[in-house]
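Given below, in the form of structure tokens, are the structures.
There are two complexes below, and they share subunit A, which is joined by subunit B in the first and by subunit C in the second.
Right, the complex of A and B next:
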């Protein structure tokens, strides 16, 4: 078990290194930050001084090695805009993002899982068809469209909720609902198909043949098995807790990680963009490891199949 | 003669496929006495398993069931779910073809056994575990205490079938329906499982319905055989009669298709043609299109089940009890 976990963590670190490298290459390819941050008509000496102070005049490989080694000790550089450590800027924004993504996450599970189970148990009923119709709408409508529709209805027409900002609790409601809707729709579909798959298995009929009530067949035999595939999709959503709200935060002017990303990219604030990507990659990797551990816990077949599955 | 334990009369099953309604059972008549061992043979799709799944109400909501299944005089067709639940496992237990997928992969074997015991025998958790261990011993699983903690994927197919049998015994049923219990197992294990079923039957006086497409298996393990074809029982007779003097041309064809162990080698006989699709049955005898003896009368009406002897019935207007053709030729 420890060997397995160590292997997973190592692989995760490698993934993060890949993301860092990718971020480094793409950001260096996409333009000169010195020219963007300094104005075009700045004197050449000032631009040169800016380059020197940020190390942009050194050879690329040198910049890369420095960047990776510093990252390894937790130093992700300073913002080129206000000079504060990039990691601090990012971490400052995390609570605001979590304030909408965590309630949205609970909303997704709280609505998606029961809706999926209900639809599967009443397959082809009116309720099933309706649930699936709503669910298709829920995840095909892009979140910025849904966000605008919600603003139009609840802020402009009804005047119940504020359309943007983050001053009060009421400000969080529309972003949470926007985020939660698409996720709930995805989880509902996934849960439904997982349940249908499980309900068709021979052990479900065998459990009924034993004399168990249908209710107990569902709770004791179907649900634990359907939880296995559903865990995958929920795990992805945990990975997206930090980075999954870029669009929604932009629409609602919510001061979270997503908005920081948009602003930092627009400003070519290299260190901040890199720090964001690393944090986002790290949460995704951590969520994946978590999913694997949960798999081992809920599916006994996983435990024996990969006794030391580091490969 | 005492009334049968289970008496199935005119059992029909229609499946609603969404596009159309397909009748898969066309009035099955079948009786099983207490303690009796009956074989149910026929090709895949002839309705052997569906008959018993319908009897226990295990076919799901797309199946419409008609006719009567009476268990000691109580009709199960159309009975409320709670009544069926109290019959399943307690009066009629069922084991299935693929034991490894008939056990829940995420629960330990012991838990699944104890679940049945707590349900049927009102045991508390500790008593159920003790009894579960005894049952595993009973079905010939060595090292029972350790096996209780195993998951189904850690056991072989044969062992899983033993667990299924132990689970069936948990409710101390009057009848066990074994639906192709050894088809998924290799030959040696098959023999052991059948031996175990015999042994349990001797000890418990439990009735056994053995569903199989293997006439040999049925011959060795049951007293009486019902042959099914396209959703009907077409012949019903004691083992000796079925093998010695089968009356229905289909039964005769099945026997002729068996290889002989002794005597000169011969080309195996086949029954010409294929089984008609369930939604496209001929109006008369469904075997008529493949039958040598068929004439206009056979195609005109479904043949009634005729008594050829006190214990021998065949649904054929041209039924002639005679040794299977191959036996004569061999």
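Right, the complex of A and C next:
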């Protein structure tokens, strides 16, 4: 188990290195940062000085090695716009993002999982059809449309809630509802699908046939098996806690990580974009490792790893 | 179970009832909407009452018919006096085209990679898992952004980019299901009979996991529409003068209070189209998955 975990962490670190390399290559190739940051009529000496201070005049491999080594000790460079450490700028925004994504996450699971299980257990009932219709509707409405409609109703027409900003608790309601609705729909759909898959298996029939009560069949046999695919989809959502609100934050002018990202990309603030990418990648990698561990715990079949076909 | 008891009961059903059992009205409506959208996309040039970039400066921000406008512009006009209906029709063509090719690229690419990983295991599987991790650890919005910034925003590049959006999901699903299929009786049975791996995966494993893949496709097709509209909404996707559904919503956002029809028409099309695909997807799943009957 420890060996598996160590291998998993190593692979995670390698993934982060890949992300860093991707960021380095694409962002360096996307243009000359010196010309992007400085104005067109800046004197050549100023541009040269900028290049030297950023190490842009050194060979690419040198820049790359320096970049990786510095990142390893938590130094992701300074913002090219205001000179503050990029990692600080990003971490400053994390609480604001979590303040809307964590309540939204709880909302998703709290609504999505029970709704999906209930719908699967009462398949083809009116409740099932209604749940799925609402879930499908919630899932197919894009977050920016839902956000704009909520603004149109609750801010413009009714005047109950503010349309953008982050001054009060009331400002967080519309972003949380927007994020939570879509996620709950996805979870409900997956949970129902997974439950139906499991309920059609022979071991469920066997469990019923040996005289277990339906309740026992569901709690002891169906739910643990259906938890496997559901865990995967929920795991992805944990990873998205930091980066999953880019559009919603943009619509509601919420000062979180997502908005920082959009602004940094628009400003071509390479250091901040890189810092964001690495932190987001690290969050996602950690979430994936967590999901794999939970996977091994709830599905004993995944613990044995032998080549295909061999028995 | 209750469902089994019902289907076993010798109840005489009319042909009418049997028809609607196989084809629920909601599914028929959804199929009709999809057919309508595909027809609109195919015949966009004929259907659009005006060229989609034509200005009518005398009729700027004219409301839609339902909101008190005239039939000259049934869905109203935007602040340059461009006909919203014509722009909507061209946007439907653009968004469906991008989503269709994007989903196809993702499904074919991801399923193939998943089979390859499940077949070879070991190093190949490790590399695939690493690529999956890489994809999953990067917010796709940002990959798209960096690539578009670097390579310029051409339509073909954007379509290919959409194809890279969800391949890892098909790969993950295919790999997982194929590994467990390889350990189940039927795959080993066919293997013992001497079938080639290509035959086992194509003719035996694929049909068995197809329902899950199709459910994924009915999730990723709308997602590709949503991703395209999201990027276009942020101004990073389809670029003017071309227009897509997300593009129109992003543009209409500026006129949310004064001219909500600019944003409402494309929003409704996005929602109804993605909704229809999901309904058809559910119905397909029930039809295709024999274990659930």
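Quick notes
In this text, the second predicted complex is superposed on the first by the 303 of 311 C-alpha atoms of A that agree within 3 Å, B and C clash if a C-alpha of one lies under 4 Å from a C-alpha of the other, contacts with A are read in each partner's own complex, and residues count from 1 in each chain.
The definition used in the following text is that contacts are C-beta pairs under 8 Å (C-beta built on N, C-alpha and C of every residue); 3 or more make two chains touch, one makes a residue touch a chain.
Owing to the predicted nature of the structure, the values given are computational and were not obtained by experimental measurement.
Of the two partners, subunit B and subunit C, it is C that touches more residues of subunit A.
Applying the stated contact rule after C-alpha superposition, one finds that A:193 touches subunit C and leaves subunit B untouched. After overlaying the two complexes on the shared chain, residue contacts for A:265 are found with subunit C alone; subunit B is out of touch. In the superposed model, A:166 lies in contact with neither subunit B nor subunit C.
In the superposition on chain A, A:213 makes contact with subunit B only, while subunit C stays out of contact range. Once the two complexes are laid over each other on the shared chain, residue contacts for A:274 go to neither subunit B nor subunit C. Applying the stated touch rule to the two superposed structures, the overlap between the subunit B and subunit C interfaces on subunit A comprises residues 201, 208, 301. If you check the complex, the residues on subunit A that touch subunit B are 201-203, 205-214, 220-221, 224-225, 228, 298-301, 304. Subunit B meets subunit A in the complex at residues 53, 56, 58, 81-82, 85-90, 93-94, 96, 98, 101-108, 115-116, 119-120, 151, 153-154, 164, 167, 171. Touching subunit A in their complex are the following residues of subunit C: 1, 3, 118-119, 121-122, 126, 129-130, 133-134, 136-139, 141-143, 145-147, 149-150, 172, 179-180, 182-183, 188, 191, 212, 215, 219, 222, 226, 229-230, 233-234, 246, 249-250, 253, 256-257, 260, 263, 267, 270-271, 274-275, 278-279, 282, 285, 289, 291-292.
Within the complex, the subunit A residues that touch subunit C are 11-12, 14-16, 18-19, 22-23, 26-27, 29-31, 123-124, 132, 136-137, 139-145, 148-149, 151-152, 156, 186, 189, 193, 196-197, 199-201, 208, 232, 236, 239-240, 243-244, 246-247, 250-251, 261-262, 265, 273, 276-277, 280-282, 284-285, 288, 301, 307-309, 311.
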